Amino acid sequence: MHSRIDIIFTLIILANLLLLSSSRLGTCINVAAIQGLLLAVLTLATRTDEPLIQTSILILSTIVLKSIVFPQLLQRAIRDSETRREMRPYVGYAQSIVVGMVVLALSLWLGSKLPLPNPTISPLALPVALFTILVGLFLIVSRRKAVSQVLGYLVMENGIYVFGVTMVHESTLFVELGVLLDVFVGVFIMGIMIFHISREFDHLDVDRLSTLKD
Amino acid sequence: MILVLLLMPILAGMVAFFIKSDKIRRGLLLTTAFLHLGLTTTFWSHRPGPLFDNWLSLDAPGLLFLSITSFLFGVAAVYGVGYLIREESTPGAHSDEGSFFPNTAESVFTGCLLIFLATMTLVPMSQHLGLLWVAIESTTLASAPLIYFHRHHQSLEATWKYLLICSVGIALALLGNFCIAVAASHNADQPTTSLLLSSLVTQAKHLEIPWLKAGFLCLLVGYGTKMGLAPLHTWLPDAHSESPSVVSALLSGALLNCAFLAILRAQQICLAAGLADFGRNLLIGFGLISMVCAAVFILEQADYKRMLAYSSVEHMGILSLGVGLGGGAVFGSMFHAINHSASKAMLFLVAGNLLTVFKSKSVNDVRGALRVVPVSAALWVVGLFAITGFPPFGTFLSEFIILKGALAEGRYGVAVIYLATLAVIFAGMSSIMLKMAQSNTAPVLGSAHGVQRESFWSIAPPAVLGMVVLLLGVHLPTAIDQVLHEAAMTVGGSS
Amino acid sequence: MLTLLFAIGLLVFSGIAALFAGRSPLISTVIGVSGALVSCVVGLVPAIRVLSLGTVESFRTVWQVPGGSFYVELDALSALFLIPILGVSAICVLYGGQYLQVYKNENKLGWAWLWVNLLIASMVLVVVARNAILFLVAWEIMSLSSYFLVTFQYYRKGVREAGWTYLIATQLGTAFLLVLFILLGESGGSLDFDHFMFTHGSWSGISANVLFVLAIIGFGTKAGFVPFHVWLPEAHPAAPSHVSAIMSGVMIKTGIYGLLRTLTFLGSPPEWWGWLLIGIGMTSGVLGVLYAIAQHDLKRLLAYHSVENIGIITLGIGIGVLGISIQSPQMIALGFAGGLLHVINHAFFKSLLFLGAGSIIHATGTAEVDRLGGLLKRMPWTGVTFLIGAVAISGLPPLNGFISEFLIYVGAFTGAIQKTTPLAPLIGVIASLALIGGLAAACFAKAFGISFLGEARSQHAANPHEVGWIMRSSMLLLAAGCLLIVIFSPRLIGMMSSPIAVITGLPTTSLLMELQPASDWLWTILQVVSIFLGLLGILATIRYLLLRRKQVELNVTWDCGYVQPSSGRMQYTASSFAQPITDLSRLFLGTSKTFIPPQGYFPEASSFHTDTPDWYRRHIYGYLFSGLCWLSSKLRWFQHGRVHLYILYIAVTLLLLLIWNLG
Amino acid sequence: MSIWLLVHPTLAFLAAPLLPGIINRTKAYFAGRDGQPLLQTYFDLAKLFRKGAVYSRTTTWLFRAGPILSLGAALMAVVLMPLGELPTVWSFQGDFILLVYLLAVGRFFTVMAALDTGSSFEGMGASREMQFSMLAEPVLLVGLAALARGTGCLTLSDIAANISWQAWSQYGEGLILIVVALMAVFLVENARIPIDDPNTHLELTMIHEVMVLDHGGPDLAYILYGSALKLWTLSVLLVNIMIPIHTDLLLLNVVVSLLGVLCWAVVVGVIESTMARLALIRIPQFLVGAGALSVLALILIKK
């Protein structure tokens, strides 16, 4: 049981590292989509004790949103704005990986501080979730393009999803769907904003979005 | 009843998207706003019962914040109608650059406004942490288009920041919810299955402490971002300064309170779990940092809407400080929520009037307001004294009570920082706002325009808000007093 | 009591009515003035009754705000302060009725009347309030209404800045009062004054000393203790003159009132309180008058004199407090009586002087002493009344300023001849009072001499006109007040026993006994003074008789025999008159001189001018504020506009909190 | 007894103009001149009373009131000042304060009258007068406080009555300091060398004289008589301290004191003849020094 799930966790970690090291936006989006798929698999693997319908609805909507709709939205955004690469991120790719390792260590440490709710859960679950969240945050902080930031937000959401799906068993479907819906609308509106940004500024560099300051 | 209150604005919002006639749509806005207000008022005499297994219920803090929201929305709707009429007649000229830009379609604006109301109605009645989260996230989504009403690049930037920062914050709050769920599931004998506030509070003693702490921290940072606690407040000045004034008023007066309520819910659990001091110290810390941070940016601020926004940061700090101090200060904090909402909304509305006339958000461009728009300028000065806690305004009483709480708890250092910051902020705001009102008229405006006519739509709403703060300072009705006390007791206050 | 509440109500009502009658300046003025006059007269009735009978009248009802109750009480101490608040304000308002007419075209008079009447009403409420919330509300309305009066001519930059300085200063003071009252309230469990329990020393680690210092700063800011006085010389010149008169003559006394009232809560004072008060009195008195001498703007000069007189009052109170701690009933009686009498005296002559300054501005358009001269011939009424005020404020017999200073002197001397008394503060009192007296006389010799005597120094002063009869009669009323106080001083001194009893808690009868000799001395002084006045009459008659048959010529002033009569510009100026003294005290003043000496054999232009800005304002408050602004400008990078770093703030905050709380 | 009340005032009114005469004769003696007659001041007064007056067109009634007030104040001061054990008409605690302030009134109005002329000279004199008197007043009052502390009394009569040889033996060092300080005040108040030279003829160097340049006739007479009375009053104060004679014979006491006053005038003459005038900017130093002495005296006298 543990070993199977741990493979998924390892894959998620690898996906995170890939996100940190790739400059191609297209690749990044695809990696995020794959991560979404991994989440669906993870759901399937952990939610064995719940009604099948509930789990399948959740899995289905996860796949649809995280692996199909969001990536498509973002792919369109980079196509429209002709932004293929993250040219000059604030933090270079090599450093990003180093930061990634540090963040991984931090996650492991934090994970050790919090007792696991029950022994059946893999001890990797918590660190992986935290790692994914932090990588998402790091992507937002270190990348220049608006698309990367949305991507970072998605990765962060993925991390929270990992957390939720592994640690919290009894949360109701209603809430989970609400969460998904909100994320969906959020990303959708962000997409609209990206569209407006690229039209208004002819680029997607957020560092030029800094006229409002003191 | 609760359901009606919730569904009415949603439906009205949906409908508003499709109404062609401006007049009918505006009528709908007003009607919905006032029906909402009327319905909320009836709750004061007869509190509605819980719904859906206690998921939706109106306790004292909920009623308090719902009423604030509803009242503000009613006033803002009146102002908003006047605003829309004005915007229609003069297409937006960019305040700083003189270029022209389009506005978002009025139907979208009105629709979003109503849905925004619906989401803000949902927040105070949610008794389930997950639902609360959904509601707060929806407020962000519903308000983003409102901020982007004037379609120019600065408002776009503001909206982007608002959206991104608040989304990240809210995501962390979600993590916090999960943490609390984990904390609850630890209880071996009787695992709490839901994130219902009532069951969490009753089971609080069995919650796993580290998870609860982690959850509280995530919620505090997450919702704190939305509430505008420093250093998480960074979106706030941008969004408030770029959105239309009526939206700024709602953001500042109602939305921030919603996030504050969410933090209060978390604090409720902490209190029940015996972590009172843990939560309180954090709230005091954030409160003081927010106040100091606001003071830094209010001094010599060049943009008066940003100044008001920072003042909101300050007051959110005061609210958080009050709750953090516990004891009598919590009552002060609850009271302050009303006072701040009314006076800040008033100021934003008046700022809107000034912006219309002077066509600039820069402090230096607004000169001799008392000569050009006497009524608005007088309200502006009244607002200054209301927001900075002068008697006989209600803010004086609430800030006084919070100070009293700090001293009664023996936290003299906190009291000193609190007073010093208030003094600096007063100095900063008064210097800016009085200069705007009193200085000599700019030659261009003074000679060409003379005294401008001020319409009822733009004067009455802020005046009403000002009157409310004034009346609360002179006479606190028993009904409000009771609800405030009840609310304070719920979140850890005494008597 | 109800009469007084009615007066307050009438004041508020007439103020609002005046505002709404704002379309016609005349009607609004009539409503405002008559409302104020009627209510002041009505309000004086209970005040005088309470003061003469020594009774207490109170009224208490529920007031629905947290911690608040509508609890007002009129005891002898309140009644004593009501005398200037109602009496002097009424006269000033009367003056203002005519004075403000000049501004009717450029400003809305309705507002001015609203604020004046609110100011008077709030001052009344301040001295009768017996609940902290009520007190603070009244206190702040007082500050606000006076702020709006100061900025009456808000369209002038200087006025605006002065108003702002005042507003900030008064708010800083109030911050201390908030803490003071909350601590008092916490000690007794209620914010009503009768619950304050600090008489027993300390409450959870806070000793009465802390509260005393808080009161000194908080109330001292309003009263104008150095170094909290910085707003006075700014605000008073900016305000319309009748408002300056009310503020300077009456309003700042509420600070003294507050201090005295606080003393009643704090129990028996340790000796150092008396030392501190005397120290404050000395510095305020001497520095106030030194700064006054260095000023050239008449109203600024008068404002600094308020600092000085507050210093004298504080000296009196200091002697009284010292008397309590060393148990010397004579010092208690004389010190407090002198201080309290000076409160009333100062109200009369200071407002008289401000009204006089107002008349000068009215007539010449300037208050710059160096541009005036020779006004006494054209404005005899203003001149004579101003002279009376000047003699009174210099503490010279036969006017009222002397009486109160005399009492304080004797209080100090009484202490100085006792064995057990600490000598140093008393030497300080005597020396500083004498110094203040000499300096004040010098200052008013300058103020009156340069502006009213000699020849006109500029076109402004060349053709002034005497002011209207209402303004004239208000000044005459105040001048008459100064004289009447002297005549009735032996009686008045007895009336001081009940307010002193309120402050000290001693029985009225024993205080009355202590004051009896003082009353006899004052009788003797009255005799001396009346003989003196009679003597002057005789001397004048003798001279008249001597000169009746003789040749009396009119000619030019002696100017070493030059043929051309000296013009006004040749005269001594205020700068030159004050220069020896400012030179002497430049260590404290920091006077800057602009001196262009005459050069060559046929020098063309040379000039001498001195300027004395307030050292405290510039070096303490100025640096404080510029430091704050500097700091805030350094911290502003925080809001740099780059969204990804904003996210970083959130992440770092969360991580730090997590690490801190879980690690 | 009541007749005794009037003795000192009568004596003073009659004999005061004698003092400047004595001083001047002493100075003349030291200068090797014959000098003016002893009664010169009386002659001057008589002459001035007979004259008319010239007034400047600039002046007002205040100019005419100045001499009256300064003379009136000086007359009252004399009445308040006891000579030795002779009682005064009015005696009450703190009467010396009234005395000091009466002198101040006289000075204030002299200054006013000076400023009324609009003359630069007189303005200058007024400014100097005010500067020095402002410094002299604290010295005088603190000195009196020291006396009061020494004797334990607060009226001039009691102070005069209580200073005895015994007092000198008890706190003589304090009394010496007081005398020195009061002497300084005496010199300043009466415009004597080394502070001011009453005989100078250059306006720019004058202090007191320059203020009365424009007065003539009876006005000047009032002023001259007033300053003679002031000289007398302060001399009496000093003599009361320096010659504390309290024998059983009141008449003897009075005569000794009177002789003391006359001798004091000679001493002043000697001082004036032997000292040079101080530079104007040194005078504040001189007075502050005197102030320090009086404070020291107050501290030394422990009783």
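Letters A, B, C and D mark the chains in the order given here, with residues in each chain numbered from 1 onward.
Please note the rule applied: a residue touches a chain if its C-beta (ideal position, glycine included) is under 8 Å from a C-beta of that chain, and two chains touch if they have at least 3 such contacts.
Treat the numbers as computed from the prediction; the structure is a model and nothing was measured.
A.B. asks: Where are there more C-beta contacts: A-B or A-C?
C.D. replies: The greater number of contacts lies at A-B.
A.B. asks: Any idea how many Å lie between the Cα centroids of chain A and chain B?
C.D. replies: Taking the average C-alpha coordinate of chain A and of chain B, the gap between them is 31 Å.
A.B. asks: Which whole number of Å gives the spacing of the CA centres of chain A and chain C?
C.D. replies: Here the centre of chain C sits 70 Å away from the centre of chain A.
A.B. asks: Using CA atom averages as chain centres, what separation in Å is found between chain B and chain D?
C.D. replies: 78
A.B. asks: When the centre of a chain is set as the mean of its C-alpha atoms, what distance in Å lies between chain B and chain C?
C.D. replies: Roughly 44 Å separates the two chain centres.
A.B. asks: So which stretches of chain B touch two or more other chains?
C.D. replies: Only 160-161, 164, 168, 210, 214, 237-238, 297 qualify.
A.B. asks: Would you mind listing the residues of chain C that make contact with two or more other chains?
C.D. replies: 636, 639, 641, 643, 647, 650, 658, 662
A.B. asks: Hunt down the residues of chain A that sit against at least two other chains at once, touch-wise.
C.D. replies: 113-114, 137, 140, 149, 206, 209-212, 214, in rising order.
A.B. asks: For this structure, enumerate the chain pairs that meet the touch criterion.
C.D. replies: A-B, A-C, B-C, C-D
A.B. asks: Inside the complex, what are the residues of chain D that reach chain C?
C.D. replies: 49, 51-60, 62, 64-65, 67-69, 71-73, 75-76, 80, 90, 92-95, 97-98, 100-102, 104-105, 107-108, 111-112, 115-124, 126-128, 130-131, 133-138, 140-142, 145, 148-149, 152-154, 203, 213-214, 217-219, 222, 284, 291, 295, 298-299, 303
A.B. asks: Considering only the defined contacts, which chain C positions touch chain B in the complex?
C.D. replies: 63-68, 133, 136-137, 140-141, 144, 151, 154-155, 157, 160, 163-164, 167-168, 171-172, 175, 178-179, 182-183, 185-186, 204-205, 625, 628-629, 631-633, 635-636, 638-639, 641, 643, 646-647, 649-650, 653-654, 657-658, 661-662
A.B. asks: Within the complex, which stretch of chain B touches chain C?
C.D. replies: Listed in rising order, the residues of chain B that touch chain C are 160-161, 164-165, 168-169, 172, 210, 213-214, 217-218, 220-221, 225, 231-232, 234-235, 237-238, 278, 282, 293, 295-297, 299-300, 331-332, 335, 368, 370-371, 385, 390-392, 396-397, 400-401, 403-404, 407-408, 410, 415, 419, 422-424, 426-427, 430-431, 434-435, 437-440, 473-478, 481.
A.B. asks: Chain B touches which residues of chain A in the complex?
C.D. replies: 113-115, 117-118, 133, 137, 140, 146, 149, 153, 156-157, 160, 163-164, 167-172, 174-175, 178-179, 181-182, 185-186, 189-190, 193, 196-197, 200-201, 206, 209-212, 214
A.B. asks: Within their complex, state which residues of chain A touch chain C.
C.D. replies: 90, 106, 110, 113-114, 134, 137-138, 140-144, 149, 206-207, 209-214
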